[in-house]
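Each chain carries a letter (A, B and C) given by its place in the written order, and its residues are counted from 1.
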Amino acid sequence: MEYIDRGHVQKKMRTRLLLNKVFKYLFLAATLFGLVFLAILITRVFIDSIGWLDFSFLTNRLSFNPEIAGIKGAAAGTLWLMVIVGPVTMTLGVGTAIYLEEYAKKGRLHSFIQTNISNLAGVPSIVFGLLGLTVFVRVLGFGSSIIAGGLTMSLLVLPIVVVAAQEAIRSVPGFLREASYGMGATKWQTIKKVVLPAAIPGILTGMILALSRAIGETAPLVALGIPALIIPVPGSIFDNFTALPMQVYYWTIDSALTAEYLNLAAATIIVLLVVLFLMNSVAIIIRNKFQKRY
Amino acid sequence: MSERLNVKEAIQAKRKNNKSVFVEKMVPVILFLAAFISIITTIGIVGTLTYETILFFREVSFTEFFTTTDLSPLNPTDPKFSILPLLMGTVMSSLIAMFVAIPIGLTTAVYLSEYASSNSRKVLKPMIEVLAGIPTIVYGFFAFTFVTPVLQEVIPILDRTNVLSPGIVMGIMIIPMVASLSEDAMNSVPNSMREGALALGATPLEVAFRVVIPAAISGIIASFVLGISRAIGETMIVTIASGSTKNFTFDVTQSMQTMTAYIVEVTSGDAGAGTTAYFSLYAVGMTLFVFTLLMNMFATYITRRFREVY
Amino acid sequence: MSSLTSFDPEESKEKNENQSPTITKDRPKAPVYQTKALNLWYGQTHALKDINLPIFENEVTAIIGPSGCGKSTYIKTLNRMVEMVESVKISGEILYRDKNIFDKNYRVEELRTRVGMVFQKPNPFPKTIFENVAYGPKVHGIRDKKLLKQIVENSLKGAAIWEEVKDRLHENAYGLSGGQQQRLCIARCLAIEPDVILMDEPTSALDPKSTLKVEELVQELKKNYSIVIVTHNMQQAARISDKTAFFLNGEVVENEKTDFIFSTPNDNRTEDYISGRFG
C-alpha cells in the first residue's frame, strides 16, 4: 500500500517549509505592527507637546490664550471625579462581589445578576452618558456637576471592579475559610477578617484598572453636556467641572481654528498618559508582590 | 484555670449579644442591595431609552426614521429624522476597523500561541495590551492630527474629516481585544492535538491553520463579534476624526457621522429637553444599545454553544 | 495498487523496494535507528544519560522501566517531539537510516513523515473520522479525492477499525470510544505510510478489551513496520515485543531479546524490576 509518492512529498516539503518560514515572519510583523503604531503615537504626541508641557501648564487655569492656558481646573476636575468614583465603585463593586460569591445561592437570581453585569460591561460608554444625562443631570437635578459625572462614571466602571473582586474572592483558598469557621466564627466575621484581607490585592488591582478607565473616559462626560467654557476650579461635588480628557477633546477639535491648541491637547495627553502609566505600574507591583502567597 | 473560664464566659457573653446576630442577618440584605444596583442600572438604561424613544416616535414615523435618508435634526423650519446616514457611518467605520483588527489580531494571536517562545510571549503580550489601555480620546487626537494628514499624502481627495482614518485607528485599538481573546481560545486547544499533527510531519503553519484554528473557531469568532461591538460603540475617535456630516454614502474619503458621534453632537449642542431633536438622541441610543447587546449576547452564545469538548 | 481490501505484506514489501532502496528485506535485521551517546537535559535535570541503543527493522522493541526513568523522553526524542519542551538540551546522535536526525540540515518534518507516533492518550483532532485519517496525506499535498478515499479506507483497515466505522466516516471522531479513538490514531499514523511507528504507552488509557485489540494490531503491524513501544506493563512487553530495553534513572540497564530479558536477565536490577520488587 504505497500511495504516497515520496519524491513528490519531498518536493512539496521544501515549499511547505518555506511557506512556514515566510508566514512566521509575517505573523511576527503583524504582532509588531501594533507596537510600532504605539511607538509612533507616543513619540508624535510627545513631540507635539515639547515646549508646552511645563510646570505652569499644570498650575495655570484655562484660558483662550494658548500661551498662558493650563490644566489646573481640568486636573482638579479629574481628581474630584475620582473622589466620587473611588468610594462608590469600591463599596458597590466589592459588595456585589461578596454577595455573588459568598451569599447568593447558585441559581436563577445568581446567574441573572452575573449575566446582567457582563452585559453592562459591553454597553457603549456613550449610552451610560445618556443614562447619566437623563437620571442624574435632569431627573435628580444635579446639572452637569461633579456628582452627576462621578456617578455616571461609577456605573460605567462598576463591572470591572465586580469581576476583579469576584476573582480575588474566589481565589482565597478554602482552608482559610475552614480554619475560621472551625474556630466558631460566623460567616460575616470570616468574610471580614479572613476572606477580604486575603483578597485585597486582587481587589485593589481591579480598582486601579477601573479608575484608570474612568480617568481616560470622555464620551459619557461629553453626553452630560459639560460646556467648553472656562470654568472656575471646582470646590465641591455640586460644582460644574471639566476633566483632562474633556480638555483634550475641546482643544483637539478647536485646533482647526487655533493651531496652538493642538500642542495644548498633546501636552494634556502626556499628563494623562503619565498618570495612567503610574497607576498601572502600581497595579503591576501589587500583583507581583502578592502573587504567590499560598 | 480561672483565666480559661473567663475566656469561655467572654465568648458566651458575646454570643448572646443581639447586635452581632442582627449584623449577621443584615449583611446579606445590604450586600444584595449593592448587587441590585447593577440590575437597577440596566433597568434605568432600558427604561429611559424606551420611554424617550416612544416619545420620539410620537412625533416622527417609523418609516421616516428607518427608510428615508435625510437627517437634519436642528433645522428650525423642516427638521428631518432618518437614522440611515448614521447607520451608514457606523457600519462603514466598523467595517474598516475590522478589516484592520481581524487579520492583524488573529495573526498576532497565531504568532503568540503557536510560534513565540514563552519568554517572548511574556514580553509581547503585555506590550500589545498597552494598546487597549490608551484612552480613546488619545486615539481620536492621533487619527485627526496625524493619521489623516499622512493618508492625505497618499489619497489627495481625502477630506479633513473622513471615515477611513478613524476606522483604521479604531481597528488598531481593537487589535489587543481580538488578539487576546483569540489567543485564549487557541491556548485552550490541548497540546496533544498539536503533537498529533506535528508527529505526522505537519509544519507549525499547518498545525495552526488546520488543527488549532478550526478547533478554537468558536472563541475566535466570538472575539471578532466582540470587536465589532466595540467598534460600533466607540465614540471619541469617530466624533473627532470623522466629523458630523450626515452623509448617506459609501465613500469613506468623506466625512460621515456615526450613531455615537450624533449623540455627542446633539447633547453638546443646544437641543433643549422636550424637542424632537432631544428625543431623537434616545432613539439613536436605543438602536446603538440593541445592536451592541445583540452582538455581545451572540458572542456569549457561540462560545457556550460551540465549546469544544476535547 | 491491485487490491484495496486485502493486506498482503509481500506485495507491499515489493513496492517498498521499488520506491525506496534503503528499505530492503534482504537485510532483515538492519538497524533502523542507532542511538549513540545520547544525553538529554530538561534544564538542569539530566534525563537521559549516555544512551546507546539500536532499533531493528520489522521488530517490536519494547521499552520498559519505572515511571520517571526516561522511557517516554527517549521515544519522543526519536522523532524530536521532545523539543516542544523549551528547556531541552541534547548531545550525542541518533541515526535514522544512517542519517543523524540532529543534523542542522535534517528536516524534522521529513523525519516525522517517515516515523509515525501514537500517544499515551488518544488525541484525534476535533474533526470527522475521515478527516482525521486524511489529515496527514492532505498536509503532504495529496488532493485527489479518490486517492484520499483509498488511503483512508486502507489505513482504517490496517488499524483494524474499518468495520466499526465504515458507516460513519463523516461523524465526529469524538463519538468513538477510547479504544476506537486510539485505533483511529493508529490509522491516522498509517495513512502517511511510515517506516517506523513509535508508541508511547498506547494502551495506558484503555480498558483491557481495547488493550488486547491494540496488542493484536501491533503484532499484525510489525510485518510491515518497525515498532518501538513504551510500556509500563511488563506482561504487555513480554507478549508483544521481540526486543526489550530496560531503562532506569535515564540509563539503559539492559537491552536484549525479550525472551532472554524475562527469563535470565544479566543485571540484578532488571530482575528486581521484572519480578516486581520495585517500580
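Throughout what follows, contacts are C-beta pairs under 8 Å (C-beta built on N, C-alpha and C of every residue); 3 or more make two chains touch, one makes a residue touch a chain.
The chain lineup, named per UniProt: A = Phosphate transport system permease protein PstA; B = Phosphate transport system permease protein; C = Phosphate ABC transporter ATP-binding protein.
Given the structure is predicted, the values throughout are model-derived calculations rather than measurements.
> Taking touching chains as linked, do they make an open path (line), a single closed cycle (ring), a hub with spokes (star), an all-linked set (complete), or other?
If you draw each chain as a dot and join those that touch, every dot ends up joined to every other.
> Which chain would you call central, comparing Cα centres to the global Cα centre?
B
> Count the touching C-beta pairs: is A-B or A-C ahead?
So, comparing the two chain pairs, more contacts are at A-B.
> Measuring between mean CA coordinates, which chain is farthest from subunit B?
C
> Cα centroid separation between subunit B and subunit C, in whole Å?
That gives a centre separation of 49 Å.
> What is the distance, in whole Å, between the centres of subunit A and subunit B, each centre taken as the mean of its C-alpha atoms?
That gives a centre separation of 13 Å.
> Give, as an integer number of Å, the spacing between the C-alpha centres of subunit C and subunit A.
Their C-alpha centroids are separated by 53 Å.
> Check each residue of subunit A and list the ones that touch at least two other chains.
16-17
> Of all residues in subunit B, which are in touch with two or more distinct other chains?
203, 206 - these are the residues of subunit B that touch more than one other chain.
> For subunit C, write out the residues touching at least two other chains, lowest number first.
109-110, 113, 139-140, 192
> In the complex formed with subunit A, which residues of subunit C make contact?
The touching residues are 1, 7, 12, 15-16, 19-20, 107, 109-110, 113, 137, 139-142, 147, 150-151, 154, 158, 192-193.
> So in the complex, the part of subunit A that touches subunit C is made up of which residues?
1-4, 6, 8-10, 12-13, 16-17
> Okay, in this complex, where on subunit A does subunit B touch?
Residues of subunit A touching subunit B: 16-17, 19-20, 23-24, 26-28, 30-31, 33-35, 37-38, 40-41, 44-45, 48, 91-92, 95-96, 98-100, 103-104, 112-113, 116-120, 122-131, 133-135, 138, 155, 158-159, 162, 184, 186-188, 212, 215-219, 222-225, 227, 245, 248-249, 252-253, 255-256, 262, 265-266, 269, 272-273, 276, 280.
> Given the complex with subunit B, which residues does subunit C contribute to the contact?
Residues of subunit C touching subunit B: 79, 81, 84, 86, 109-113, 116-117, 119, 121, 123-127, 135-136, 138-140, 174, 185, 188-189, 192.
> Once bound in the complex, which stretches of subunit B touch subunit A?
Listed in rising order, the residues of subunit B that touch subunit A are 11, 20, 23-24, 27-28, 30-35, 37-39, 41-42, 44-45, 48-49, 52, 103-104, 107-108, 110-112, 115-116, 124, 127-128, 130-131, 133-142, 144-146, 160, 172, 175-176, 203-206, 226, 229, 232-236, 239-240, 260, 263-264, 267-268, 273, 281-282, 285, 288-289, 292-293, 295-297, 300.
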